[in-house]
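For reference, the structures are reproduced in the following blocks.
Below, chain A partners chain B and then partners chain C, in two separate complexes.
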Partner chain A sequence: MAIKEHRLIFKNIDVEGYTNDIACYEKNGGYADLKKAIGMKPEEICSEVMDSGVRGRGGAGFPAGMKWKFLDRKSGKPIYLVCNADESEPGTFKDRQIIHKDPHQLIEGMMIAAYAIQAKLAFIYIRGEFFEGARILERAIEEAREKGYLGDDILGSGYSCDILIHRGAGAYICGEETGLIESLEGKRPYPRIKPPYFPAALGLYQCPTIVNNVETLCDVKHVVNMGGKAFSEIGTPGNTGTRIWCVSGHVQKPGYYEFPCAALTLGELIYDVCGGLLPGRSLKAVIPGGSSSKVLRADERFTGKLKDGSEFDWGIEDIPMDFDSLMAAGSMSGSGGVIVMDDTTDMVEALANINSFYAHESCGQCTPCREGVQWMKKVTGRMSRGEARMEDVELLRSIAGQIEGRTICAFGEAASWPVQSFLAKFNDEFVAKAKQQAERNAGSEAPQALETTLI
Partner chain B sequence: MSADAKAETITINVDGVDREVPKGANLIDAIEQLGEEIPHYCYHPKLSVVGNCRMCLVELGMPMRDRATGEPVLDDDGVQKIGWMPKPGIACSTTVAPGMHIKTKSQVVKDCRNGVMEFLLLNHPLDCPICDQAGECRLQEFATDYGRGYSRYTEAKNVKPKRTRIGPRIMLDDERCILCSRCIRFSKEIANDDVLGFIDRGSYSTLTTYPGKQLENNYSLNTVDICPVGALTSTDFRFKMRVWFLKAVPSICTESSVGANTEVWSREGKIYRITPRRNDAVNDTWMTDSGRALYKQVEADNRLRAYQVDGKASSFDAAIAAAIAQMKQGKTAVVASARASLEEQFLLSQMVEATAAVRVDMVSHYGDGDHLLLSEDRTPNLRGALLTGLINDLPDARLDGLGKAIDAGEVDTLFVVHEDLAAAGLTDAQIAKVKVIYAGIEENSSSANAKVSFPLLTVFEKEGSFVNQNFRVQKFHNAIPAPRGVVYDLHLLETLRAHMVGESPTRPTVPAVWELMAQKITCLHGLDFRGLGDLGVGVDAGRFASLPFVESKNLKHDPEKRSKLGVEAGATA
Partner chain C sequence: MAILNDENLAKVDKLVPKYPEKRSATLPLLHLIQEEHGYISNEAVEWVAERLDLSPINVYEVVTFYPMFKQKPGGKYAVKVCRTLSCALGGAYKTCKAFEEALGCGLDQTSEDKLASLEFVECHANCGRAPVVMVDEQMFEGVDENGARKLVEKMREGTL
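The block that comes next holds the complex of A and B.
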């Protein structure tokens, strides 16, 4: 491997002999940071987290310190901490590794965060399919409680907080933080309208609530360990700490790789770290941040201005792997799920697959997403069955446009961005396919565009 | 809303024009008060806001201020710039704020509405020709106003259950449901009966009842009213009549002293349904299921339909003559009714004077209240009987005092309005000792034993007013004509009064009676029938405020505030 990984969160993961019990964790220095944190003032920890610049690893990349600052502390209501372990974004498989192989790291990070925001109770919302993960966490919490790391009067500090595990029932939308909160309350995970229901003010049971991703909460532990300033020196300003890139698709060595932000380019990740593409193949496209992020085309040029004013002109392989650069390239780092597609990929099929996922996962609460996403699935489904019509490409574009920005939650964007970006970048492929199928089916019974009059 | 709150307004800018709107108002309501409409499905002024239909998307902006200094940011002309939100926002979760700018007619907004309409219609069955909602369907209306007029959808539509009986009075068609969740929120938040929910997800989301549960509470039909489409229909009204043939007349529910405001829907003299009419001081937008069924008394089997003397049908004049002859012999007592209108009670009180009646009794009709819109007093107008001086104290359930008087030989003739003497506790022997003159809607033990019977009209066949639990005077109107040959109740009472004193009777109209009442009854001074308006007027309860009325706390009534009420209501009047 040409570029060396810098493992911070995954330091102990997959290390020979490292087990997920508390004894092993403590032997490797575990819970020392919690002890350190307990000796600090909660506000001090919050300001360290602010200084660290750590941004959320769950998708949106919102600075954690800022989120904590928004907490409504004046209401007098209890504050809750929720760990988002719903990890359902297609292409993402990092949180599961932490939960399975180093659960105490998460628990330590959570207890530090809980102490920092003075949470009354903490929850781990874990996706339903992670039954083994839930079992492991249950045991780990039990172990930690026995040792006084959580529960009543943590390490004699007078601060008490417990962690409850709540298992989902297999719905992607439970990862959206307000949907998650509804689910935690025992209801259908219908995301809430924001405003007014920002979790930091009106979250779980209408109390101020912080929802953070598994990886983000682990980062908090390392912020306390090394101090916010030292943490902020990993990566680049505004893109601090490490990221775990979950690489899947047409590469020689798919898997998870941890690097400081901006430490390598997308090209380096694919070719140097993941061993490149399969023999004889060439790169066609990359979805860099989980299925919701916009696709990047291999032969595109990415140009523009960065935040600091400097101009950039990148090929796909030159894009630095960090929050801002991927954003500048018109996509996002999202949940870190890098999906690599080579020249054997049929983009229509790929989009049909993504559309099926979103149509299956739309919670169905708001009109544009509920109806529009299923419609897009039906159209791309037809295209992949050879029943496309000439007008389908424009139709897809129009449907996606009628969803984006008009829904209750960001699922609307998550579902329309793939369609918009696939069509923007691979328009010719879609048009050619539609044309070919339409011509072949001309005169046959295949559905034609009818302008049925309704009224 | 108190007078002060109404006065406080702020300025917002709607499509480029500055408008005055009430401070703190919801944006949809504020625009409605300006006589315009932001189309919406899921929003309902009396339910929580969920923002799921996305029909109300508008462009929103606020005057810009410099983040650091807080100073207004001005454009080249020195006008404060507007910071428009990058995405359209839902009006239903927006509270108006001073200086707020909204665009309701921009291309973006048109596209949003067009898109939502298209999406809503994708899987919609479009069975308007057989759908009861047709004619009052928001989906139809907004499709016409904001839709594109044709469908781009050629895929197969989703199939869902078409006919599910989800309660004794409600049929659900899931294909028509646009998943706005109004019915769910109503059941949970207003009826306190959380029985409805969605199952499955995405486009397959389906409304249903929880296993083993039914939508059977006494408010279930409100879900039919608020359902913006024909998904929930009333089994009573289903397939009976096209709504555009129906005439809606404002009325008042007579089920209890709540006096819910209603609309009575009829065609050619036949009533098809009753629905609630919004009155935020009385019933918000709701009413009971049981109140809606009251129109059936119009065609009830036990309806008293003809004037009778000695059990035989007679003319009105003959019945009057027989009654006058009877009342002129000996002593008459009157049993008044809290089911009669204020005007009828007033004329009855005048007849009481004319006949020099020895006593006036009344019977209470109390039951269990539901703390919502069914009060303990199951009559619409007990307060009216107090205001008109027919009674001075709350009535008892039984006519024991009257019975004793009969036993003591103090009564020769009983003039009974509506009441069933046997049910009110008079013994057969007591009834046999007197001659009964009965005036009522139904046949009962009183009419069975009556010397003379006068048929009276239901609330749907006349006009007048009732005084509800909060001393609010509210009027009702003629929805359908009276049965052939039956005179108005007021006319009957006036004829009897006039003949007793040897005058020639006038034909009293309700406004005319009001002129008299307004002079005689202090708390009605300065009021007239028209002035009651559609929403009624609260009057000063005066000395009656301290009576131990039976109503407990319900949606708009708080016994603890009762004594204060007189003062406040007086102010409003």
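The block that comes next holds the complex of A and C.
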């Protein structure tokens, strides 16, 4: 491998002999950072997290320190901490590794965060399919309680906080933080409208609540360990710390790889780290940050100006893997799920597959989303079966445009962006398919069913 | 029919007071019921509602929203094939066909011998090991058509 991984969060993951029990964790220096944190003032930890610049790893990339600052502390209501372990953005599979193989790292990060924000109670909202993950966490919490790392009077500090594991039951929308909160309250996970329901002000039980992703909470532990400033020196300004890139699809070595932000380009990730494409294949497209992020076409040029004013002119392989660069390229790093597609991929079918996902997962509260995603699924479905109509490409474009920006939660965007970007980048493929099928089907022959592989 | 056995009832009594508000225990209670019975009956819905001081509709709307909750019994095994993009790129649709043929039933159906229920589900968060299949609580990675047939064989032999 040409470029060496820099493992911070995944330091102990897959290391031979490393087990997920507390003895092994402590032997490797575990819970020393919690001890250090307990000796600090809560606001000191908050300002270290602010200095670290660490941005949320769950999707939106919002600075964690800033989010914590927004907490409504004046209301006097109890504060809650929630770890988002719903991990359901297609293409993402990092949190499950932490939960299965290094659960105490998450618990330590959570207890530090809980102490810093002075949470009364903490929750891990874990997706229902992680049966084993939930059991591992239950056991780890018991181990940590016995040692005084959580529960009453943590390490003799007078501060008390427990962690409750709460299992979801197979709905993607529970990953959206306000849907998650509703789910935790025992209701349907209907996302709440923001404003006024920003969790930091009106969250769980209408109390101030912080929701952070698993990886973000692990980062907090390392911020305390090395100090916010040292953490901020990993990566680049505004894109600090490491990211775990989960690569799937048409590469030789799919998997999870951790690097400092901007330490490598998308090309290096695909070719050097993941061994490139299968023999004889060439790159066609990449979805860089989970299925909600906009697709990148292999032969497009990305040009524009970065935040610092410098101009860039990149091919797909030159895009630095960090928050801001992927944003500058018109997409996002999202949850770190990189889905690679080679030249054998039919883009209409790939989009039909994505549309099926969103059609299945819309919570149904907002009309544009509930109806629109079904329509998009229907149209790409018929295009995949060989029953396209001439106007289908325009129809798709118009539906997506009517969802985006008109919904309660960001699911609306998450569902529209794939459609908009697939059409923008692969317009010819969609138009050709629609035209060919429409013309053929206008003749006397019955529509000819196509054999599909992705839908 | 008793809704839960004594062991699970004890779990319920421990679990409910842990939450700041009782209603939050809806999902965990439903999970316990489904684990014991394989599905959630109307009586179970009413029982949960009563236990948590809710109306049955509050519980029923939860049961009907979440895909993991079943309202009728399935086969001995629950087979869940991931159909989302990364798994599809890795051949999940072929894997699913192989399951359909080996079990002799379609999607969202239970095989005639009640051996297994077959379902297409969304991303299992293990996309680097496509195609991914879950059988009950166990996860299988890289399950191609052959792998699917072998899994069904093992279910038949009762060795899974």
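Just so it is clear, the second predicted complex is superposed on the first by the 442 of 455 C-alpha atoms of A that agree within 3 Å, B and C clash if a C-alpha of one lies under 4 Å from a C-alpha of the other, contacts with A are read in each partner's own complex, and residues count from 1 in each chain.
What we mean here is this: contacts are C-beta pairs under 8 Å (C-beta built on N, C-alpha and C of every residue); 3 or more make two chains touch, one makes a residue touch a chain.
Keep in mind that this is a model prediction, so the values were computed, not measured.
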Tell me which partner A:361 touches in the superposition: chain B (first), chain C (second), both or neither.
both
Under the stated touch criterion, which partner chain does A:188 make contact with: chain B (first), chain C (second), both, or neither?
both
Does the superposition put A:171 against chain B (first), chain C (second), both, or neither?
both
Which holds for A:33: it touches chain B only (first), chain C only (second), both, or neither?
neither
Identify the partner contact of A:322: answer first if only chain B is touched, second if only chain C is, both if each is, neither if none is.
neither
Considering only touches as defined above, state whether A:93 meets chain B (first), chain C (second), both or neither.
second
Can A:129 be said to touch chain B (first), chain C (second), both, or neither?
second
See if chain A has more residues touched by chain B or by chain C, and give me that chain.
C
Which of chain B and chain C A:337 touches, first, second, both or neither
second
Contact residues common to both interfaces of chain A (with chain B and with chain C):
171, 188, 360-361, 363, 452-455
Within the complex, chain A is touched by chain B residues 49-55, 57, 86-88, 90, 93, 111-112, 115-116, 118-123, 126, 140, 143-144, 147, 149-156, 178-179, 197-198, 200-205
What residues on chain A touch chain C, complex-wise?
78, 87-93, 95-96, 121, 127-132, 162, 164, 166-172, 183-189, 205, 246-250, 254-256, 287, 291, 337, 339, 341, 345, 350, 353-354, 356-357, 360-361, 363, 452-455
In their shared complex, chain A is touched by residues of chain C numbered 18-21, 23-28, 30-31, 52, 54, 58, 61-62, 65-69, 83-86, 88-91, 93-94, 121-130, 134, 137
Residues of chain A defined as touching chain B within the complex
171, 188, 190, 193, 195-196, 359-368, 370-375, 378-379, 382, 389, 395, 398, 402-403, 405-408, 447-455
